[in-house]
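Take a look at the structures listed below.
Here come two complexes built around chain A, the first alongside chain B, the second alongside chain C.
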Partner chain A sequence: MSFLRVSWLVFRKDLTVEVRSFEILATSIFFAVSAVLFFAVAFVQEGRALDGAAPGILWIAVAFAGTLALGRTFERERQAETLQALLLAPADRPAIYVGKLLGIVTLLVTTEVVLLPLIAYLFQAPLFARAGWLAAVLLAGTVGYCAVGTLFAAMLVRVRSRDVLLPVLLYPITIPVIIAGVRATSVLLEPELDVAMIRFWLSLMAAYDVVFITLALWSFEPLMTE
Partner chain B sequence: MSDPSGAGELDTLVVEGLARHFGRRRAVSQVSFACRRGSIVGLLGPNGAGKSTLLAMLATLLRPTSGTIRYGSLATIAGGAGRTGATAADLRRRIGMLGHDLFLYPDLTARENLAFFAALYGAGDARRAAHRALERAALADRGDDPVSSFSRGMRQRVALERALIQDPPLLLLDEPFTGLDDRSVAALMRRLSGLREDGRILLVATHDLDLVEGLFDEAVFLRDGRVVELASQPRALRALYQGVMARGRS
Partner chain C sequence: MSKWFFPASVACALMFAVSPILIANAPFESTMGLVQKISYYHMPSAWIFLIAAVVCGVASVRYLFGGGARHDRVAWAAAELVVLFGAMALVTGPLWARKAWGVWWQWDVRLTASLMGWMVAVAYILVRKYGGPGSDKLGAGLALFGMANVPFVYVSVNYWRTIHPKTTVVPTLPLSMGIPFWFSFAAFLLLFILLLRMRVRLEEQRAELDAVYLSLE
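Now for the complex of A and B:
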C-alpha cells in the first residue's frame, strides 16, 4: 500500500465524515465569524477601521478556529477508538498523519474563504487586490499551523485535559508562523507592493512548514506506538 | 492460514514472560501462555487485570517492557530488542482486532466503513470486499445505512467483519459480548466457532462468563496483571473463575 494512497484514503474518509455531519466546519466558521464580528465592534468606529487591524484579526480568527477544528477532528477518532483501527492497519503511520493534515488544512482553508470577504468588508481592507499572493501566504501559514497542530492533537488524544493542553502547547510553537502570516498580509495591504518583503515572509513560512512536517513525519510512528 | 508472501506462518502464538509497566505501575507482569491454530483462548479476569493491555501488546499497539511474543515463524517481538522477522506492516496485516468500542465511524455507512478498511488493508476491489463482508454479517440490505442507526448487535456484526476484512489468522477480541441480547450472543458464538474451524487463533478477553460457557479451548486467568491459572477445556467457567480468583487473593 503506497504512502500517497493511504494519505488519500484517510483524507477522503475525513472529508466524507465531515460532509455527513458538517460538525467541525460549521462550528469553526461560526466561531471565526463571531470573533471577527466582536473585533469589528471594538475596532471599527464611525465606519472607519483601525489601521492595520485586519491582518491580525484574520490570523487570530484562523488560529482559534484551527484549534477548535484540530481538537474536534481527533475527538471524533477517539470516541469510537477508530484511531486504534487506523494504527492497526498495515499502513505507514506517517501516511495517516499526512491524510489527517490534509483534512484539517482543507477545513481551515474553507473557513478562510468565508472569513476573507467578511473581514475585507468590515475593515475596508483590500484583501483581494493581490489575491494570488494572499492565497500563497494563507496556504503557507495554514499548512505550518496545522502541521504542528495535527501532531500535537494526535499526541494528546488520550490525555484527559487535552482541550486545555492543545492551545497551551500549540500557540507558543506556532508564534513564528502566525507572526509571519500577519506581517506578510500587512505587506499585501500596503499601496505599493514590496515583493522582496513578501518573498522573505513566504520563505520563512515555507521553511517552517518543511521543518515541522519533517519532524512530524519522523516522530509520528513512535509517538503513536506508546 | 496460508501465507502468500512466504514470510513465515502465524500458526502459533507464544507469549513468554511478557510485562508492561506504565511508570511504576505494572499493568502486565510475567505473563506466559501459548495458543495454537484452530483454538479459542479466553483471557479472563476482573477489571484492571491487564486483559486489554495484553491485547494491545499482541496487536502491536503497545511495546512490551520485557518478555517476548512469538507470532509462529512470522515474527518475534521482544521487549527492549524490538521486532524481528516480518515487517510491522506484514505482521499487522495478519492480526485482526475487535475492540470494546468497535472501531467504526458512526457517520459513515456500513459499506463505507468496510470499504475504507478493506482499501487500507490493500484489497484490490474494496467495494467488493465490503459487499462480501456485509453478506457474511447478514446486513447486505442495510449496507447503505449509517452505522449510527444500527443496534449494538448489528454494529458488532459489522465490527467483527471489519476485523476480518483482511482474512487474518490471528483475531483479538476485547469484551465482544458487551451489550448484546441473547440472539446476538448466540450468533456471535456461532461465528467465533466457525472461525476456529477455519484454523484461526482467537483470543477473547471477557468477564461475561455465563455467556461463554463451552466456547474456550484454553483459559488464561489474570489478576493484577499476572497469570494465576491456565486451564485446558475449561468447564463450569463461573465456578472455576471464582475458585481461581479466591485462591489468587489468599
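Now for the complex of A and C:
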C-alpha cells in the first residue's frame, strides 16, 4: 500500500470512530469553551475587554484543548489495544503518524471554528475581518503544535505518568509556534494591516512546521519500536 | 578517573582565575562601556549551552538508531549541562540587556528560541527522572527537537529583525578584546568537557553497581 493510502485509511478510521461517539470533539470543545468563559469573566470588565487579550486566550484555549485531544486519541487506542495492531500492520510507520496527525488537526480545527465566534463576541475582537489570513495563521500554528504532539502522545502511551508528561514535553517545544500564533493574530486585529509582520510570523511558523514534521517522520519509527 | 582529569581540572581552575584579569584589562567598548564586559562570560556560556544541546542530540540519535547505553549516558549528562550553561547565559544576558536595551527581556526570536532550548533540557531531566520505564527513548526524542533548535538560535539574529547583536560580532573583534574572549571560551569549553566526563563516569559507575546487584540476586 502506498504511503498516502495508509495515511488516508488511518485518518478515515480515526474519523469514523470519532463520528460514532463524538467523545473527543465534544469534550475538547466543552473544555475550550469553559476555559474561554473563565477568561472572559476575568478579563472583561464593564463590557470592555482587556487590550490584546483575545489572541492570547484563543491560543491558550487551542493549546489546552489540543493537549486533551492528543491524550485521548492515543488513550483510546491503548484501551482497545489497537495501537499494537496498528503498529503490527505491514505499513510504513511514518504513514501511520501522518494519518494520526491529520485526524488531530481536523479535530482541533473544528474546535477553533467553534471558539472563534465566541471569542470575537465576548472580547469584541474583529477576528473575521481578515478571515483568509487568520485561517492561514491558525492552520500553520495548529499543524506545528499537533506535529510535535502526535509524536509525543504516541510515545507516551507506554509510559506510566503520561498525563503529566505530555504537557511537560509538548509545551517547551511548541512555545515558539504558540508565540508566533499569538503575535500574528494580534497583528490581524490591528486597524491597519501590516503585511510584512504577518509574513514574518507566518514564515517563522512555516519554518517550525517543516522542522517538526521532518523530525517526527524521521524519528517515529525508532521511537515506536520496543 | 583518567590520568588527564586532575591536571585538566587544575588548568581549568587557573584559567577561570586568570580570565577576570584579562577581562578587566581589555579596553572599554565605545558605546556600552563597562557593561559590555558581561559578554566575555555571556557568549562563551551561550555557545557551550548550544554545544551541549548538540552533544545531547547527537548522542540521542545514536542511541535511538541502535547505539548502546553509553550514548544514552552521554545524552543525559549533556542535558544537565545544557541546563547549567543555559542558566548562565539566560542570567548574564538580561543583566547586559537591562543596560543596553533598557529592558530585562524581549520576546525576540533568539531569546525565545534559547529559552525554549533550555526548557526542553529541563523537560528532558523531568522525563528521565519521573518517566519510569521507556523514558530513555522519550528523552531521546525530546533531545532531537532540542538539537534542531540550535541552528535556529544561532542564525535567528541574521534572518529576523531583532535587537540582539549579530553573529558577525565575534570574528570582527579587535585583538585586544578577542584574546580575553577566546581565553574565556577555552575555559568554559574545558569546564564543559570536565563536567561531562565526570557526569558520564558517575552514570557508568551506577550502571556497574546495578549490574553487580543483579548478579548477586
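As a convention for this text, the second predicted complex is superposed on the first by the 226 of 226 C-alpha atoms of A that agree within 3 Å, B and C clash if a C-alpha of one lies under 4 Å from a C-alpha of the other, contacts with A are read in each partner's own complex, and residues count from 1 in each chain.
The working rule: a residue touches a chain if its C-beta (ideal position, glycine included) is under 8 Å from a C-beta of that chain, and two chains touch if they have at least 3 such contacts.
What you are looking at is a predicted structure, and each value in this text was computed from that prediction instead of being measured.
When both complexes are overlaid on chain A, the residue A:50 reaches neither chain B nor chain C.
Looking at the shared chain after the overlay, A:223 reaches chain C, while chain B stays out of its contact range.
Once the two complexes are overlaid on the shared chain, A:40 sits clear of chain B and of chain C alike.
Of the two partner chains placed by superposition, only chain C is touched by A:161; chain B is not.
Shared-chain residue A:15: touches no atom of chain B or chain C.
Once chain A of one complex is fitted onto chain A of the other, the partner contacts of A:204 are limited to chain C, with no touch recorded for chain B.
By the document's definition of touching, of the two partners only chain C reaches A:176; chain B does not. In the superposition on the C-alpha atoms of chain A, no part of chain A is touched by chain B in one complex and by chain C in the other. Contact residues on chain A toward chain B in their complex (touch as defined above): 1, 5-6, 9, 13, 16-17, 20-21, 79-82, 84-92, 225-226.
Chain C makes touch with chain A in their complex at residues 64-65, 107, 109, 112-113, 115-116, 119-120, 122-123, 126-127, 130-135, 137-138, 140-142, 144-145, 148, 152, 160-161.
Within the complex, the chain B residues that touch chain A are 59-63, 88-93, 95, 97, 99-108, 112, 116-117, 119-122, 146, 162, 166.
Within the complex formed with chain C, the residues of chain A that make contact are 148, 151-152, 155-156, 158-161, 164-165, 168-169, 171-173, 175-176, 179, 200, 204, 207, 211-212, 215, 219, 222-223.
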